[in-house]
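Order of writing sets the chain letters: A, B, C, D, E, F, G and H. Residues in each chain are counted from 1.
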Amino acid sequence: MTDFLFQKTNGLTDKQTHYCPGCTHGIIHRLVAEVLEDLNVVEETIAIASVGCSVLSYEYFNTDSIQASHGRAPAVATGIKRVFPNQIVFTYQGDGDLASIGLAEIIAAAGRGENITVIFVNNAIYGMTGGQMAPTSLVGQKTSTSPLGRNPLLAGMPLKMCEIMSQIPSVEYVSRVSTHSPLAIRQAKVAIKKAFENQRANRGFSFVEILSSCNIGWGLPPVEALKWIESRMISYYPLGVYKDGKDLE
Amino acid sequence: MARGVLIIDRNRCKGCELCISVCPVKILSLDYENANIKGYQPMKILSPEKCIGCCNCAVICPDQVIEIMKGDTNHG
Amino acid sequence: MERRIVIAGFGGQGVLTLGQIVSLMAMEVDLNVTWIPSYGAEMRGGTANCAVIISDKKIGSPIVNDKIDILIAMNAPSLQKFVGLVQTGGSVIVNKSIINSIFDNADKFIYEVNATDIALRIGDIRCANIVVLGALCKIVNELDLSLAKRIVAKKFVKKCELLKLNELALFEGFQSI
Amino acid sequence: MGKELMKGSEVVGASAILAGCNYFFGYPITPQNEIPEFMARELPLNNGVFVQAESETAAINMVYGAASSGRRVMTSSSSPGIALKQEGISYCAGAQLPCVIVSVSRAGPGLGGILTSQADYNQATRGGGNGDYNVPVYAPADLQELSELVQHAFYVADKYRNPVMVLIDGTLAQMMEPVELIKITYPEIDHMQWSVTGRKDRKNNHIISSIYLVADELEQHNHWLSKKYEQIVNLEEKAEIYQCEDAEIVVVAYGTSSRIARTSIDNLREKGVRVGMIRPISLWPFPFSAFENLPCCKYCLSVELSMGQMVSDVILASKFKYPVTHFGRVGGNMFTNSELESEILTRMSEVATND
Amino acid sequence: MGKELMKGSEVVGASAILAGCNYFFGYPITPQNEIPEFMARELPLNNGVFVQAESETAAINMVYGAASSGRRVMTSSSSPGIALKQEGISYCAGAQLPCVIVSVSRAGPGLGGILTSQADYNQATRGGGNGDYNVPVYAPADLQELSELVQHAFYVADKYRNPVMVLIDGTLAQMMEPVELIKITYPEIDHMQWSVTGRKDRKNNHIISSIYLVADELEQHNHWLSKKYEQIVNLEEKAEIYQCEDAEIVVVAYGTSSRIARTSIDNLREKGVRVGMIRPISLWPFPFSAFENLPCCKYCLSVELSMGQMVSDVILASKFKYPVTHFGRVGGNMFTNSELESEILTRMSEVATND
Amino acid sequence: MTDFLFQKTNGLTDKQTHYCPGCTHGIIHRLVAEVLEDLNVVEETIAIASVGCSVLSYEYFNTDSIQASHGRAPAVATGIKRVFPNQIVFTYQGDGDLASIGLAEIIAAAGRGENITVIFVNNAIYGMTGGQMAPTSLVGQKTSTSPLGRNPLLAGMPLKMCEIMSQIPSVEYVSRVSTHSPLAIRQAKVAIKKAFENQRANRGFSFVEILSSCNIGWGLPPVEALKWIESRMISYYPLGVYKDGKDLE
Amino acid sequence: MERRIVIAGFGGQGVLTLGQIVSLMAMEVDLNVTWIPSYGAEMRGGTANCAVIISDKKIGSPIVNDKIDILIAMNAPSLQKFVGLVQTGGSVIVNKSIINSIFDNADKFIYEVNATDIALRIGDIRCANIVVLGALCKIVNELDLSLAKRIVAKKFVKKCELLKLNELALFEGFQSI
Amino acid sequence: MARGVLIIDRNRCKGCELCISVCPVKILSLDYENANIKGYQPMKILSPEKCIGCCNCAVICPDQVIEIMKGDTNHG
C-alpha cells in the first residue's frame, strides 16, 4: 500500500484555474479546500465568491457557491447563513473588494458577529482590473492609478484590516498570515483551520488576512513576487494572531 | 533512496517556478525543451532519487500540479 | 479600399504595438484607421490580438470578426483561431519560427516569415513584431517601408539601441518574403 | 379571520409572512419604517429571521444570499433606498433569484421629502440597474389588494425565478383600512434543482452567479431571460377596467391616485360625463391589452403623482389613436377630487371642440 | 494640434481636461479603467485632483461635493458601477449640480461580461434614481465626436445646472482612432451665485441641498426642474440624419451600432436599396424631431446591442405611422454587416409584400 | 461696559432648531459653532450636513453648507476639500449615518487621511426615522427594531468607532467625549477645538465622537436621558483621547 | 353617506388612537373606513393629526385636505390649522378646556367640550380623547355610544383601571353637549 | 449680589429642564403658568440674585436660550 505525503484535496474541483502563473490565489484556494476536507465539511459548505481575480473561484471550490457583487460578499454570506445556520459559509475576498468598496459590509457583518469565516486575500493591488492602487497598496508602490508610487499625502497610508477588525467587539478571531514560503503557507493553513473550526463550534466571526502575491500587477516574476511579500509587505503588515475570543461586555 | 516520489500533472503546470525556488535539494527545473498542452514550459524533476519528501514544492504550487507519494524508505 | 487586419499572438510578442504602428502609418498617408484590442480574454498572459482597419472611407465597426484581409499570426493558437475568418484571396503572415501547424490555405496567400528566428539572430526576440511589419510593407501597397522606418523611429525614440535593431528587423522582414 | 383594521406597512409584513416569507432584510427609511419594525417584532415569533442591514445595498445583497436558498425572502425601502438597490436587483435578475422588493415611494429627487409620491414609476419599471432585465411591478390601490399582491408577488417571483416589486406610496403604507388577511393558495414551486444548500449528497455543485465571460454564453443567457420576460408580458398583465365601455375620456391611474380618480369618475358619471378608468395593477408588464377595447375613447389622461412618467407607457398604449396628456401633483401634494374633475372637464370640452 | 492616434478612454480624459475639468473621482471597472488611469497620470500635471474613490457610490458623492464648488468635475464607470451611482445622480439633479458622468457600458445584467454592450440605454435615459429628474445623455459614434461631446457635456451641465452623461460602450472606450483634440469655446457660465466656497464676505450662506420638507416647496422645486427639462428637450436634441430623404426603411442606431449600420447602409445603397439612418446623438432628450420628416419611411428598425430598449422611444417617435422593430446582438457580441443587411432586406421585402 | 460670561455664538444662525426639547444635538451644534468662532474660521468653513435628525443643520450653522446623502458625508467632504484645500470642512454625522450605511466612506476618508474634521454624534439610535436600532445601540436596549432589547447573538455587540478609527494609520486625532453634564460639555469643546485646529494646521483627519442623548428615541425625559448617557453609555464607550498623531511607517 | 373627520391636537393627546377607535366603530357597523396620520411633520413632540373617512361607498383618497365634515380640535394650533377646511354645515368639536381662540363659526356647528378638564376631574388627563369620543357619538348617527363602549373596552382590555375611567369619560363626554 | 445675570430668550425655550437640573444653586424652574409662543412652559429664574454665574445652565441649554452677563460683582 502506497501512502501519500501530499495529495490533492477533494475540496477543489479538477478544473484548472485561470490565474496567472505563480499567482498565490491558487495556494490559498488549496488551503481553504484542504481545511474543508480535513474538517469533513466540504458537502455542507457554501462558498461566497467575490469580484476580483477570484470571481470564478466557484468553479474551483468543490462546494455549492454564490457569486456576490463587488464588495458585498459578507452581506450575501449573512443572507444564506441566516437561512442555513448549520452550514459552513465563507467569503473569499480580495483587498479591493473587502477593504475598499466592501468596507461597510465587512465591518457590519463583523459587528453583528455573523458566524462566518472570511478569507481576505491581500495582494496590495487590484489584480483583476489591471493593477490599480488598492487601499492596501504600500507607500511608494507604483500602480496604474498611482504611476509615481502611492503618495500618502494624497492617498493616505495603507489600511491595516486585521488591526481594524480586532477592534470590533463581536469578532472572535483575527489573524494575518502569508504565502511567501512553504513554512508561511503551513502556518496560514493553521489559521484558516482555526477560523473554520470556530464557525463549526458556533464561536462566531473569524477573519484571516492572507498576504498574497500578484506578480502581474506588481510587474515581478513569480519568485521575486514572493520575496517582495517577505521583504516589503510583512514589515508593514505584521503576521500573527490579532484576536482570539470575543470582547465580552 | 528517494523519500518522496513526485507525481507531476504536467499539463496543469504553468511554469511559474515557485516549486523550483523552494526545493531544498534543488532537483527541480523547468523543462525548456518541451512545452505542455497549455504552451508553458512545465516543471520537471532532475534527480528524483534525491527528493527528501519535504513537500515544499507541493505546498507552494498554486496549480495542484504535484502529488507526492511516500518513497520506499525501507530501502533507504 | 479597405484593409481588415488582425494581428494575434502571445502576450509578450508586441502584437498590440505592431497594430498601433500600422495605424500610425495609415494616418500618415491620410487614410482612416481604427485599432482595437481584444480585451475580453480573462486569462492573463494568454493570447493577445488586435484588429486594425485601414480605409479611404469612414470606418464602421472597428471589430473584425469576419472577412479578414490580412492575418498576422505570431503563434499557433492565433493562427488556428483566426485563419478560418480570412476571406478568399486574403493574406496570412505566419511566424514560421514557432508555427508548424498545417491549415487549409487553398484560397489564401500565405507568407511565411521566420520572425522569431530573425529577431533572435538580430539580437532581441522582442523585435519579432517589427520583422513582421517589414514583411507587411511588402504586401500592402499603402504601407511603405520608409514610412514604417519613420514611424518606428518616432515610437521608439527613447530607446536608441532598440531603434537600430528595429531598422534592421524591418529590413530583414521586408526581404524575407 | 375576519377583517382587521391594519396599517399598510403591517399588511405588507403580515401578508409576506402569510406567503411563507421567513426572511426579511431591511434598513430604516421613512415612510416604510413600520415594515421592518413589524418584521422585527413578528418574524422571530414565526422562527423567522429579521436582520437590520447596514444599508439598502447590504439589504438587497442579503436578499441575494438568502434567496439563493430558494426560500422566500423580502426587503423593503423607499425612493433613495431603492436607488441604492439597483445594482443588487440587476444581480438578482441576472442570477435568476426569486425575491420580493417592496418600494414605498416618497417625493424626490434626491433626499426630497417624505410625503407620498408616485415619481418612482421609471425607477421601478425601467430598472436603473445595468443590462437587459425586467422586474414585474405590482401597484395595489387598497390594503386588501396590497395583501393579495404581496402574496402574488412571491408566487410570480418563484414561478419565473425573478425579483418582483410591489410599488406603493407613503399614503398606502401609512393609512389603515379594514383588511381580511387571507392566505392565497398557489401551485407549489420546487427550487431543489438550483438552490444553494450545501452540496450534501448531490453530485453536482449548485452555483448562483450572474457572470458569463464568454459572449455567446451571455447572449444565450440574455435570450433565455428575454423569453421569460416575454412570457411574463403575455401572461401576467393585470389591470382593472372601470366604466370604459362608453367612456369618451379615459383616466389611467394606479395606486393612490386611482383611488382619487375613482371617486371623481363616480362624481362625474352622476353628472352624465362619460369618463372611465384603466387602472394598471401590473406596471410592468404594462397592461397594454386593457387599451385594446376602448370604443369611444377620444382622450386619455394619465393621472400620476409625478411630473409625468407613466404617461409615456400610456402613449405607447394609445397607439396615437387619441391624445394623451399627463395630470398630477407632486412634492408630497395630492390633487383633490375637484382639481381632477375640473381637469377632466376641461379636456372633455377640448375634445368636444375638436369634434 | 493635428491628429493623434488615441484610445477612446484617453480621449475622454484629455477632452475633459481640455474643457477645464480639474477634478476626477472614479473607481476601477473594466472596460473603462483607462479613464481613471489617464486622469491619475495627467491631472496632477495640470494641478488637478485625481482621487480613487473607495467605490462608485463614494465617487459620485465626491463629485457631488466637488461640484458644489461650481468647478468642472467628472466621474466615469461602467454598468454595475453606474447602477451604484443612481442615488447620487438623483441627488445631483435635485441639488442642481453640474457634473459629467461617463458611462462605458458592458454586458449585463448583474456582473455579466466585460465586452461591449448597449444594454444600459434605460439605465442612462430613465434614471433609476428616485423622483422626477432627467439627465441629458450624449452618445458619440466616433472618437472625434467623443472629444466634442465630452466638452459639450460640461457646457450643458453648467448651462442647466444638471448632471450630464456621456454614454459609450466598451468598443469606443477601447478602440483607437485618429483624433484632433480641439478646445471648443462655449459661453462662460458664472456659478458665483450659488456655489459653496466658504462664505467669505458674502452676506448669505450658500447651501447645496435636495431636501424640501414642505410639500408646496418641493412641488415648486419639481416644477422648476421640469421647466429646465422642457427647455432641454426644446433646445438640446441632437441627431444625425443620414440618407433619409427617400429612405423606405430607416435604421435608428447610436454609438457603435450606428458605425456598423452606416457601412451597411452604404453597402445597400450601392445595390439601390432605399435605406437611411437616424443616429440619435442625444439619447435624452431623444431626437423626436428627427422623425418628423421621413416622407418615404415604411419601416423603422431600431438597431441596438441590447434586447431592445431604445426601440420604445423609436415607437413613440414613429407615432405608429409605420412598424418599428428591434434588431441586435447581445452579451458582448456585435452583429456583422451581413447580419444587419440581411435583416434590413428581410424587412424591406415584408414592406414590399404589404404594399 | 458690560461683559458677557456667556454669549451666543455667531457661528450659529438665529434660526430655532427643529430638535426635540432637550436633544443634545443642539448643544453639539453650539460647541462646533463656538469653536469655529474661536478659531475665526466661520467664514471659511464648509459644513457637510448628513441624513439624520441633523439633516437641516445647514440652516443652523452660519456657514456655507452641503447637505450630503445618507452616509456619504465623508465622500462629499473629500470632494469639496480637494477643491478648496484651505477651507475648513467638517462633517456632522449621526451613528446610523456614520457607523452603519456610511462605514465605508468614513473609513476610506480616514484611510486617505483627508484633512477634515468629523463630528460623530453617537446617540445609540436612529433618531430621525423613529427610534430603530443603531450599530451603537447598547446590548439590551429596546428600539423599534429590537423590541425585546438588542440581542448580541442576533445583532452583535455595539460598534466602537473610536477604537476602530484609531487603528487607521493616516488618522491624526480620535477622541470620545460626552454631553451629559456641563463639565463633560466643556471637555467636549476642548476635543472639538483640537480637531479643528488640526485641520487648520494641515495635520489631517480628526474624529470626535460625542455621546449624545435622544430622549424621544430612548423614551426618557431629557434630564433622565443625560443620566442614561452617564450611567449606561460611558461604561461601554469610555471617554478619552484615543489617538493623537498619525502612525508613521 | 361619507363622513370626513379630522382629529388634531398635541402629540400626547391620543388623537391617533381616537381616530383608530372611530375607525373600528365604523368597521363594526360594516361601513368602509380609512384612517391616515399626518406623517409629514418633522417637528417631533409637536402637533399630531389624523384623518378618518367613513363611508358606505368605496373610499377614494384617505387624505382629507378639504371639505372636512367633522373637526375635532384638541388644542388651539390644530383648530387654527384646520377650521378653515370645515365645510359649510360641518361640525367642530372644540376642547374648550385649553382653547379659547375665537374663530369664524358662522356656517358650522360648534360643540364645545371641556375635555381636558373633565378628564382631569375623572382622574386621568389621558382620557380627554375618550371624553371627546363620547361627544362625537352624540353628533354622528353611525357612531353609537354602546358600540364605543365595546370598542374602547377591547382596545384597552389590558389596562383595567383605564378601562373604567374610559367608560366614565365616554359617558361624561356624551353628556357634555 | 448676583455674579451672573441671565438674559433669557423665552420664546426659544423648549422647556426641557436641562438647565434646571444643572444649576448648582437651584434657582431655575419651569414657568408652569405661562406657555411661550411655541406652546412650551419655558424656563424662568426664581431668585436671580442667587446666581453664581457658573454658566452651567447656558452651557447645557441646547437651544441658545440663555446668555449671561457679568453681574455687578463690585457690589458683591
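The criterion applied here is as follows: a residue touches a chain if its C-beta (ideal position, glycine included) is under 8 Å from a C-beta of that chain, and two chains touch if they have at least 3 such contacts.
A quick note: this is a predicted structure, and the numbers were derived from the prediction, not measured.
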Any chain in contact with chain A as well as chain H: F
Of E-F and A-B, pair with higher C-beta contact tally: E-F
Length of the line joining the C-alpha centres of chain F and chain H, rounded to whole Å: 27
Distance from the mean Cα position of chain H to that of chain C, given in whole angstrom: 87
Computed distance of Cα centres, chain E from chain C, in Å: 34
Averaged-CA centre spacing for the pair chain C and chain B, given as whole angstrom: 38
Where chain C touches two or more other chains at once, by residue number: 40, 42
Set of chain A residues in contact with two or more other chains: 19-21, 55-56, 67, 69, 71, 100-101, 103-105, 108, 111-112, 135, 154-155
For chain D, residues that touch 2 or more chains besides their own: 30, 51, 54-55, 57, 80, 87, 91, 95, 110-111, 113-115, 209-211, 213, 215, 332
Parts of chain G lying in touch with chain D, wherever the complex brings them together: 20, 23-24, 27, 32-37, 39-40, 57-63, 65-66
Chain E residues touching chain D - in the complex, by the definition given at the top: 57, 79-80, 82-84, 86-87, 90-95, 105-115, 117, 119-120, 122-123, 126-133, 209-223, 225-226, 306-309, 312, 315-316, 319-320, 329-333
Residues on chain A engaged by chain E in the complex (per definition of touch): 51, 55, 67, 69-71, 96, 100-101, 103, 126, 128-130, 132-133, 135, 144-147, 154-155
Touching residues on chain F, where the partner in the complex is chain H: 2-8, 12, 16-17, 19-27, 30, 179, 181-182, 185-186, 221-223, 226
In the complex with chain A, residue positions of chain B that touch it: 4, 12, 14-18, 20-22, 40, 53-56, 58-64, 66-70
